[in-house]
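Chain naming follows the written order as A, B, C and D, and within any one chain the residues start at number 1.
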Amino acid sequence: MEIGFIGLGSMGYPMAENLLKAGHALAIWNRSREKGEGLASQGARQAGRPADAVSADGVAITMVADDAALESVVLGPDGILEKLGPGGVHVSMSTISPALSARLAELHRARGSHYVAAPVFGRPDAAAAKMLFVLCAGPAAACERVRPALEAMGQKVFPLGEEPVHANIIKLGGNFMIMSVIEAMAEAMTLGEKHGVPREKTMEVLTQSIFPAPLFVNYGKQIAAHAYRPARFKLSLGLKDANLVLGAAARAQVPMPLAALMQGRYLAAVAKGRADLDWTAAALNVAEDAGLDPGDGH
Amino acid sequence: MEIGFIGLGSMGYPMAENLLKAGHALAIWNRSREKGEGLASQGARQAGRPADAVSADGVAITMVADDAALESVVLGPDGILEKLGPGGVHVSMSTISPALSARLAELHRARGSHYVAAPVFGRPDAAAAKMLFVLCAGPAAACERVRPALEAMGQKVFPLGEEPVHANIIKLGGNFMIMSVIEAMAEAMTLGEKHGVPREKTMEVLTQSIFPAPLFVNYGKQIAAHAYRPARFKLSLGLKDANLVLGAAARAQVPMPLAALMQGRYLAAVAKGRADLDWTAAALNVAEDAGLDPGDGH
Amino acid sequence: MEIGFIGLGSMGYPMAENLLKAGHALAIWNRSREKGEGLASQGARQAGRPADAVSADGVAITMVADDAALESVVLGPDGILEKLGPGGVHVSMSTISPALSARLAELHRARGSHYVAAPVFGRPDAAAAKMLFVLCAGPAAACERVRPALEAMGQKVFPLGEEPVHANIIKLGGNFMIMSVIEAMAEAMTLGEKHGVPREKTMEVLTQSIFPAPLFVNYGKQIAAHAYRPARFKLSLGLKDANLVLGAAARAQVPMPLAALMQGRYLAAVAKGRADLDWTAAALNVAEDAGLDPGDGH
Amino acid sequence: MEIGFIGLGSMGYPMAENLLKAGHALAIWNRSREKGEGLASQGARQAGRPADAVSADGVAITMVADDAALESVVLGPDGILEKLGPGGVHVSMSTISPALSARLAELHRARGSHYVAAPVFGRPDAAAAKMLFVLCAGPAAACERVRPALEAMGQKVFPLGEEPVHANIIKLGGNFMIMSVIEAMAEAMTLGEKHGVPREKTMEVLTQSIFPAPLFVNYGKQIAAHAYRPARFKLSLGLKDANLVLGAAARAQVPMPLAALMQGRYLAAVAKGRADLDWTAAALNVAEDAGLDPGDGH
C-alpha cells in the first residue's frame, strides 16, 4: 500500500528516498513541488495537496519544519486529518512541541485514526545514510504497522510505549543535551584559550581521554576552529528547539536553568545575524564575552 | 633512583602501588603514616616528613587533596622545595589551581629544580587499574625524565608543552565538562519524569543513540536511580573543582555561566548536607526545584 | 455616554467603582455575574454578554486575567470587536502579551475602531485608593477621548505615543524590575542570615540608607518575615508575567538572563505548590537552596 | 587625642577632611605622600609609615582599596597592628572580605586592641558632602568611643552589634543589590529599545511611578544614555565587589545566581577593556547580546 510522505526538506527528502529504495510505494507532497521531482523520477507519485497524498485507512508520514507547518498540513483545508479516517495512521517525525503532539493525538483518536510520534536523531547526512535513530510512541498496533517503514529510514527504532508525547520529550531532551555539550565545550576551550592553550589542544586531549564519543570529536572540531559554515543544523533551528524545550518545561513546571542559558545564547546569536550559521556558533558569544574577537566563523 | 611519593589517599595509594609494581623504588610520605603500611610491606620506604622522601636532584611526586595541602608539603617547614635543589623534579599530580601551579613553577625555577604539572583523569578504580589519563606539562627534559613513571600509572600520557599551567587548565576544563553533562542529564531526565517518562527510559534511549560513551552510561544510571552512595567522587570535591574552575576563569577574565550554575548546584548540595554523597547528587536539586521529592539518594 | 467595563476581578471592580464615583455611566460585564452586584446597586447596568456592555462608536474598557480571557471577550462570539465599529475605542488595561496587543490593534484598525493599551501599575489596594499609575498608548484622538476615564482610575496617566505595544512593554519592564528586586533582596537577606545577620536587620539598614523607596520597605518586610499570606499579588501571576516578559524578549531577540532566572524561581514555586502565595514567595527557594528551612511562609 | 587616618584615595581624602573640619586632630598616611598635602596644610600631621600615624591606645581609621592593601597597612612590617596595643581601636572602613574582617578582629582581640568594622555607603561626592551612611559593628565600648568620629564623616551611623563581620556582610548585600538593579534596568531598557521604546522613556515612566528613588533616577539616566565616563565608581571595583559577595556566599554556602550573573557581566566588561568605565557599563553587554551596537559609552 502506498505511503503518503509530506515534507521533502533536507531531512524528508533522503528519508523518503530510503523508503523508495526499500520498495515502498510513495505518494509525496511538498510545499514547493519541484523538490519532489527527483523522487518522482524514482517512481513516487506527486500529490497536488497533502490530503491527496493520503488514502483512507492508509499511512501518512510528516516531516516538516515546525509546529505551524505541521498544523497546516494536518489541520488546514488541504490537510490529512479528515482524509485518513478510521484505521489510518499518521506518523509524525518532525521535532515539534509535545503540546501539539498531544493535541494531534487527541484529534486523531476522535476520528478513529492513529497518531504515532516518531521523531529522529541525526542530521541530513545520517538520514541519507539510513543512520537515523528513530523514536516511536503511539498505539501499539499502529506502531507495529509502520515499523517496517521506520526501519527503512534508520539504523534503529526505539519503541517507547503508547503515549506519543513521550517520544517528543525524549527527542527534545536529547537535543537539549547536545546544546549543553556545545556550551560546555565552548566555555572549556575559551578558558583554555585565555590561558594560552590552543582550542584544538583542549579538545584533542578531552576527546582522546574522557569524551571519546563522535559527537564530542565532531562538534569539538567545529567549535575549536570556529567553523560554522555551511550549517549542518542551522542556529535558527537550535533556537526553535530551545524554545520547544522551555515550552515543554514550563508546561510541566520544570525549571531548566541550563536550557534557559542556551536559549539566551541562541537569541543573542540570532540578534547578531547568525541565524544561518551552524548551531555550534553559539560558541562565538562565549568567546566574545571573554573579550576575544573570533569573527563570525568560516 | 628512588622516587619520593607524597600523598597516599584514595588516588595516591593505588598510583604509588603501580609504581612499585613497575619496579620503581619508592620513598613515601602521608599525613597519617598508617596509610603507607601496605606499600611499606611491598618495599616502599616510609619517610618521617615530606622532605625526607626526597633526595637532592631526585624526583618527587605529589598527589594531595588541595592547594593548601600541596603548599604544606612543598613550601612548609618540612616541605620538599628546598630539598630537591638543582636538577630535581617535582611532579604535581593533584587537581589544583593554575595560580598555585604557576607559583610553584616559578619557585622551582628560581632554585634550579623543575616543576611538572601532571594532573590525571580517572577515579580511584581507574587508578588501581592503571587506566588513568595523565596530562603532562613542564620543561621538556624533566617531562622526558619522569615519563616512565607516569606511564606506569596510567593508560596514556598526553605531552602538553612547557607551560605547567596548561595541564591544569585542561584538567579543570575536563572536570567542568563532566559537571555540565551531569546537569544536562539531570535536567533532561527531570523534564521527562514530569511528562511521565521514566528516568531510566530517557537515559536508555539517549545512551543507545547519540550519547553512547561510557561516561553517559555510567553517570546516567546513577542519576536515573538517584543512587549517590557510596560516593565515587565526593560532592565536596565537585565544589572544590567548580571553585577552581571559576577562580581560573576570573583570573583570565572568562565569564563561564555554566560553571557558575554548577557552583551554585554544589553550594546548595553542601548546604543541604550532601557533601559526602557522589557529586552526581547535584541532580537532587534539579528534581527538587521541579517539585519532586527524590529523597537524599541511596 | 455609557462606558462598557469588562472584567470585575480584584483590580477591575475597584477601578469600575472609581469610574462610577467620578460620574461615568457604566455598563458592566463579568464572567460570573454576581461579582457585578455591588456595582449594579450603585447604578451600573449589568450586561448579559460582553458585546451588550458596549455601544457602537462607544468606549469599552477591558480588565481581565490574561491573553486567553481577553481574546474571549474581544474576539469570541459574544465579543466586543464587531460591536464597537467605526469610531469606537477599546481601552485594554490588562497585563497581556505585546503580541496580542499588536494583533488587536490591527483588528480594530481594520474595522475603523481604535485600540488603546492602558496597563496599570498598582495592586488592588492602590486601585481602590485611585492610586494606580496608568500607561496609555494608542491613536492620539482615542487617547484624548478616554483620558478623563483613565484619570478617574489612577493618580497619574503617562501618555506614551501612538503605538499600543509600547505601553505593554513598559508595563512588563516594570513588573520584571520588581521581580528582580525581590530576588536581589532575597539573596542579600539569605547571605546575611547565614552569616548571623537577622533578615530584618539587613533590610532595615538598606531601606534607611540607599533603598528608601516604599517598594523596598514593603516587599522587604514581607520577605524578611517570610510572610506570604494572604497574597497581594499571586505567585501564579508572577509566573504569568515572567512568561510574558520572556515571550516579548524572544519576539525581539533580547536575551534576558535575569528574567530567565525569575521564571525559574516561579516555576519552582508553582511546582512546590506555592501558586497561591504572594509572588515574593520566590524568596523561599533562595533560602532553601542555602540549606535553610523557611517553611511555606505565613 | 589624635586619630590616625590611613588611606587618602577618592573616598578617604574627603572623609579625613571632614574629620579635620569637625575639630579632630589627625595623623595621616597614604602610599603616595603627596595625596596628603592638602590635609597637611589644614593641620594634619603626615606620618612616614602607617604605624607612625597611630599611637598606643589610640584610634586608627583605615580606608584603603582592597584586602591586600588593608593587610599591608595593618599586618605589614610598618603596619598598625602591633602599635595600637591594649585599648587601641582599629576602625576599618574599606569594603573588604568578611573573611579578612573576621581575621583582623581575631588578631586585634589577641593583642587587647579592638576591631570595629565601619564600611560606608556613598561615593566620593557623598563623602565630600558628609552624606555617607556608616555601618558600625564591633565591641560596644569601642563603637561608642569612635562614634563622634563616624558621625563627623556621614549623615547617619547604623549600630550593628558586636560582630564586625555583620557590617561587612550588609555592606556587600547593599552593593550587590545596586548591581542587581543595574542589570534589571539594563534588561528592561533593552527590551524596550528593541520594541521601539526609547530607553529614556522606559526609565522616565518607571522612575515617576513605581521606582521613584534617586538611585533609580540617577543610574537610570546613565544607563539610558550609555554615559559611562567619567566613572563615579569604576567597573573594576564592581568586579571586586562581586567577587567579595561570591566569596562570602561560598563561605556560608549560599547559592546566589544573581550575584553570579553580575560577576559574569563584570568579567565580560573587563575582558572587553571597560575596567575604567563606570560600573553601570555592565549594561553595554546587555545591549550587545541583543545585537545592538551601543559603542563603549561616552
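The rule we apply is simple: a residue touches a chain if its C-beta (ideal position, glycine included) is under 8 Å from a C-beta of that chain, and two chains touch if they have at least 3 such contacts.
Just so it is clear, the model here is predicted, and its values are computed rather than measured.
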item	value
Interface residue overlap between copies chain A and chain C, same or different (over half shared)	same
Pair sharing more residue contacts (C-beta pairs) when B-C is set against B-D	B-D
Chain whose Cα centroid lies at the greatest distance from that of chain D	A
Interchain centroid distance [CA atoms averaged], chain C/chain D, Å	38
Chain B and chain D: spacing of chain centres that average the CA atoms, whole Å	38
Centre-of-Cα separation between chain C and chain B, whole angstrom	52
Residues within chain B bordering two or more other chains	249, 253-257, 261, 264, 267-268, 270-271, 289-291
Chain-level touch network, classified as line, ring, star, complete or other	complete
Of chain D, residues touching chain C in the complex	98, 121, 133, 135, 156, 158, 160, 163, 165-166, 169-170, 172-174, 176-178, 180-181, 183-185, 187-192, 194-197, 201-202, 205-206, 208-213, 215-216, 245, 248-249, 252-259, 261, 289-291
In the complex, chain D residues that touch chain B	243, 249-250, 253-257, 260-261, 263-265, 267-268, 270-271
Chain D-facing residues of chain A, complex	257, 264, 267-268, 270-273, 285, 288-291
